[in-house]
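Before anything else, here is the set of structures, which you'll find just below.
Paired with subunit B in one complex and with subunit C in the other, subunit A is shared by the two complexes that follow.
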Partner chain A sequence: MSEIFGVPIQVLFGQLLIGLINGAFYAMLSLGLAVIFGLLNIINFTHGAQYMMGAFAAYFLLNKLGLNYWWALVIAPLAVGASGMVAERLMLSRLYKLDHLYGLLLTFGLALVIQGIFRNEFGSAGLPYAMPGQLSGARNLGFMFLPNYRGWVIVASLLVCFGTWFVIERTKLGAYLRAATENPAMVQSFGINVPRMVTLTYGFGVGLAGFAGVMAAPIYQVNPLMGADTIIVVFAVVVIGGMGSIMGAILTGFGLGVIEGLTKVFYPEASNTVIFVIMAIVLMIRPQGLFGSR
Partner chain B sequence: MTFKRKLVSAAILALAAGAANAQISGNEVKIGVLNDQSGTYADLAGPGSTLAAKMAVEDSKAILKGMKVEVISADHQNKPDVGSAIARKWYDSEGVDVIVDVPTSSVALAVNQITKEKGKAFLVSGAASSDLTGKACSPNTIHWTYDTWELANGTGSAIVKTGGKSWFFLTADYAFGHALERDTSAVVVKEGGKVVGAVRHPFPTSDFSSFLLQAQASKAQIIGLANAGADTTNAIKQAAEFGIVKGGQNIAGMLVFLTDVHALGLATAQGLIFTTSWYWDMNDPSRAWAKRFAAANGGKYPTMIQAGVYSSVLHYLKAVTAIKSDDGTKVIAEMKKLPTDDPLFGKGMVRADGRKVHNGYLVEVKKPSESKSPYDYYKIRTTIPADQAFRPMSEGGCSLVK
Partner chain C sequence: MADDAYKPHASRDDAADFRYHRNAFVVMMALFLVAPTIFYPVFVMKALCFALFACAFNLLLGFGGLLSFGHAMFLGMAGYVSAHAAKVWGFPPEIAILAGTAAATLLGVLAGLLAIRRQGIYFAMITLALAQMIFFLCLQAPFTHGEDGIQAVPRGLLLGMFDLMNPYVMYYFVLAIFTAGFLLIYRIVHSPFGQVLKAIRENEPRAISLGYRTEQYKLAAFVLSAGIAGLAGATKAIVFQLASLTDVHWTMSGEVVLMTLLGGMGTIFGPVVGAFTIITMESYLAELGSWFTITQGAIFVVCVLAFRRGIMGELEAWLKRRRIG
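Now for the complex of A and B:
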């Protein structure tokens, strides 16, 4: 068997694939953040908590209402998105005229409150969520054993990510959204309800987090802290990709997943710091991020 | 007044104040429960340990005869620097006499050192590293509930004897994981097995897929998990996903708590074999205590760590009332002299190196069909007698042992 730096090439392929799977989560989460930042100019620190809420919603749908994973995939993002819209209307919408810092403080505080409530109710050890029957099992790819569910994660997240990119960059609705960020007063004067559009956009970004939460539930424990652990990395991904760049968020998400995966083979101890090292380097060389224009 | 006279009068004042409280400092015994109150280890210790300490104080009323005892708690966030800062503040300015629990070995080792400097008392229930009674042993510390040597010997030797000869470790990358890997490797090699590799993962980690692939590629028969809490449950859950057990490899959770089994669910956890120092459903006094505990803890049953906190605080208060002093070094010496006896761990003793000894139990997680009531999770396979459960004093390298 041929080797690269003492690692068999087959093992390396396996790790690349694993990296892509983790990257899929980074991409979905950072995409939501990028959409929200791009259109609302809000740095949404509640994103991790909303991701966690998606996973909990899936848990409750299954255990209290008997609705399976596929229903959860539709209902949980809608429910989490709706909760986000309520928060946007009641609280965030009052902060648009102020400095970014206020939005950041509010969303950070909200995240702490939400996580605290869930931790109080459900403890920190987490709750089990079974893998949907159709996707359990695994197939042998020759170089690795790929669980069917993980394969599904890559496919679903690619669809969602590029669907979102397409809507924002290539459709009329997307054009309105982009125009509204540039000059809300002008767009409003054409008879478009900008505040409602902003609310729906926030709801959509938050819904993406909820969707990622449902995707994560069968893999990880449904745990009140699952978002807090992930969100920091995701913010680093957004910073590397460039704040507000949709394609940047997607590509950096997948790319960094792969880099992190490879670090786990060559130097596992550094695997949770490598992304921050890259962030520091990018900030020094290209402060606006790899794909950012501002 | 000249400076000198001021100094003298201050000294006299200090002496007088000291004489008034010669025995119990501040006229009350203050117990500080220091652990992870909000993170990965909050369910297996956390607020439940604070509750256990308070229950111990309540149950000691008869011997306290009106002596004031206060229980306070703080969150060390599993960080040695945070834990050290709290310990210093507690000892220096808040009159804390004894710190209990302290899961996360890296934090416990730091608090162990500070307690020794300050001449206070430290009762470890949550931390696992056997170094606490080995090269880091201290006249001010007692290691109560369990340790890495106990886990390694209980679980490790049972598995090697039933044919699990080659091992690969997934190790949490900090003091605890390293100690557990070291102690388990020693047992595996002693029993005639071999260790084919190990990977150290950051603490905490949520995605184990990459590490599991490496374990799979190692072709080891046994994948030993030298980690705890959510790290263990995530690793076990994801191992099932990658077909590790179906592929003929087995998982050995070296440290598994009741709360972990609860989080995994019996469908995933069934058949796991591991070592524990205490289980709530072993005898009537333990059951009665566990029900009382659960009623005050939102229905969550106690782990061995929480039981250990209760048991260690009971014994501590016995020693304090016996010598009528809360001087750390003296109380710990008295605790070693007095034989231990409590409803949960039964009769036992504290050795010169600070190791509390009692039975260990090799348990197996029940099948879902075998579980009859909430938290009815373990079958006890073997009882490891107290004199074999822990590392012989002569092998630990503790300087207190002559």
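Now for the complex of A and C:
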């Protein structure tokens, strides 16, 4: 068997794949954060809890209503997004005139409430979610075995990420959105309902988190705290990438996932901390982030 | 906030503020002196440690306008170092606490140099991420004993004379540390340095244009806050004879934000009131497990939406209205 730096090539590709999968989740989650931050100027601390809600929604749809994975992929993001829009209307919308830090504190409190309620109901052991039948099994790529579901996660997340990029950067709707990010009062004066756009944008960002949650359900266990630690890593990803650009969020997400995967191969002790170390280095060299602008 | 400085009777207001602070301090000290005869001393000591922790955090948020979401790293790291020094190196308690405080101060310099490169929301995210890094380091480093923590830390003899195993001796030692830290923070806030800090909080570009090197002031505030938070953590480790991962976890960083927010950020006594409220609540809700988390979250939401001045902030606003009216 061939080796690279004393590591069997199978192991290397295996970890690289896991890294890409993690990167796909980092990309989807940081993308949602970036979209929300762009228009609302709020860092959505509830994002991790909403990702978890997506996974639980998939679990309920399958086990209570008998709706399979593909239905969940459509319904769960809509449901999570809708719950987000209600929260935005009832609570977040009262904070736009205040210091942005209050938005962070409010969403942190909401995350505690949501995670606490789910932990109360379901404990913290985690529930299994069955792999969809069409995507079980694996295929031989010649140099490694690729489990079909993992391949699907990468493809689907790329589609979602670039779809979002396309809508925001290349369509009329996206142009309104970018304009409202620059100057909401001006856009409103052209007769565009900015508050409604804000609500829908928050719903969309949250829906992305819900979508990521459904994607995660068959790989990771469905667990009330699955988003709690992930969101902190995603914050570091966001700091590294800078929230200025959509493409930046996507590239940073995938890139850091891969780096994390490689660290697991070459220096496993640091795999938990490598992203934070990279964040520290980026802050020293380029404080605004790799893709950020002041 | 900003127009306070232009009031013609600012000096009379200052004098009134000073009288209020002095009277409140006397009341607070009287309560703390008799507290261990009424309540379980370990409970009050715990609350005092958290009160000092929250006061240190408030120095940064309330007076510097910097929201750190990673203050647990200073509390927890100082706890580990102080516990290690007392147990493995056999240091006397006062030196062990100093060692823990010094470690937190050093960590504050390193974290502060990175975090002050960004502002606002980014500052919060960076401190949170750095604290999570410290959490993983503490989880993996051999000297912290991972999930077990450092247990059975000896309290030892204070200054070689006073046996800290006596709960009352321990209590008054903790009270002395709290009082020293509290007065230090009061002094910092009311010094010229504290005034510059407030100016930066209100309008940083203007402070820069007046010639202040705001980065240095922010770093100094961060390091002071980290050091005093460390003093609280180091003391807590000696009181409980334990240093564990709980104190470095992000939930602890959130808890100190909540204590400060509930008590009233930017007030002198708010963090103390907030800490005692949360710790009391915790002791009643502890058996209910995740209900405590839910309650904490709900308090966050209510405070942010409807109660942003906090308990002491509302009280002080009421006193001021009465004084003027």
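FYI, the second predicted complex is superposed on the first by the 284 of 294 C-alpha atoms of A that agree within 3 Å, B and C clash if a C-alpha of one lies under 4 Å from a C-alpha of the other, contacts with A are read in each partner's own complex, and residues count from 1 in each chain.
One rule holds for everything that comes next: contacts are C-beta pairs under 8 Å (C-beta built on N, C-alpha and C of every residue); 3 or more make two chains touch, one makes a residue touch a chain.
Just so we're clear, the structure is a prediction, and the values are computed from it rather than from any experiment.
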Subunit A as common anchor, with subunit B and subunit C clashing or fitting: clash
Touched partner set for A:Gly261, first subunit B, second subunit C, both or neither: first
Which of subunit B and subunit C A:Met91 touches, first, second, both or neither: second
Which of subunit B and subunit C A:Ile75 touches, first, second, both or neither: neither
Touching partner for A:Leu104 - first (subunit B), second (subunit C), both, neither: second
Partner chain in contact with A:Asn272 - subunit B first, subunit C second, else both or neither: both
Touched partner set for A:Ala236, first subunit B, second subunit C, both or neither: second
Partner chain(s) touched by A:Arg119 [first = subunit B, second = subunit C, both, neither]: both
Partner chain in contact with A:Ala280 - subunit B first, subunit C second, else both or neither: second
First, second, both or neither for A:Val167, with subunit B first and subunit C second: neither
Listed stretches 93-101, 147-155, 219-227 or 309-317 of subunit C, narrowed to the one that overlaps subunit B: 147-155
Shared subunit A contacts, counted only where both subunit B and subunit C touch the same residue: 119, 229, 269, 272-273
Footprint of subunit C on subunit A - complex, ascending: 37, 43, 91, 94-95, 98, 100-102, 104-106, 108-117, 119-120, 229, 232-233, 235-236, 238-239, 269, 272-273, 276-277, 279-280, 283-284, 287
Parts of subunit C lying in touch with subunit A, wherever the complex brings them together: 67, 69, 114, 117-118, 120-122, 124-126, 128-130, 132-133, 136-137, 139-140, 250, 254, 257, 261, 289-294, 296-301, 303-305, 308
Interfacial residue positions of subunit B with respect to subunit A in the complex: 38-44, 46, 173, 199-202, 204-207, 209-211, 213-214, 216-217, 229-230, 233-234, 237-238, 241-243, 247, 259-260, 262-265, 267-268, 298, 300
Footprint of subunit B on subunit A - complex, ascending: 8, 11, 14-15, 18-19, 21-22, 119, 123-128, 130-131, 138, 144-145, 147, 149-150, 219-221, 223, 225-226, 229-230, 261, 264-265, 268-269, 271-273
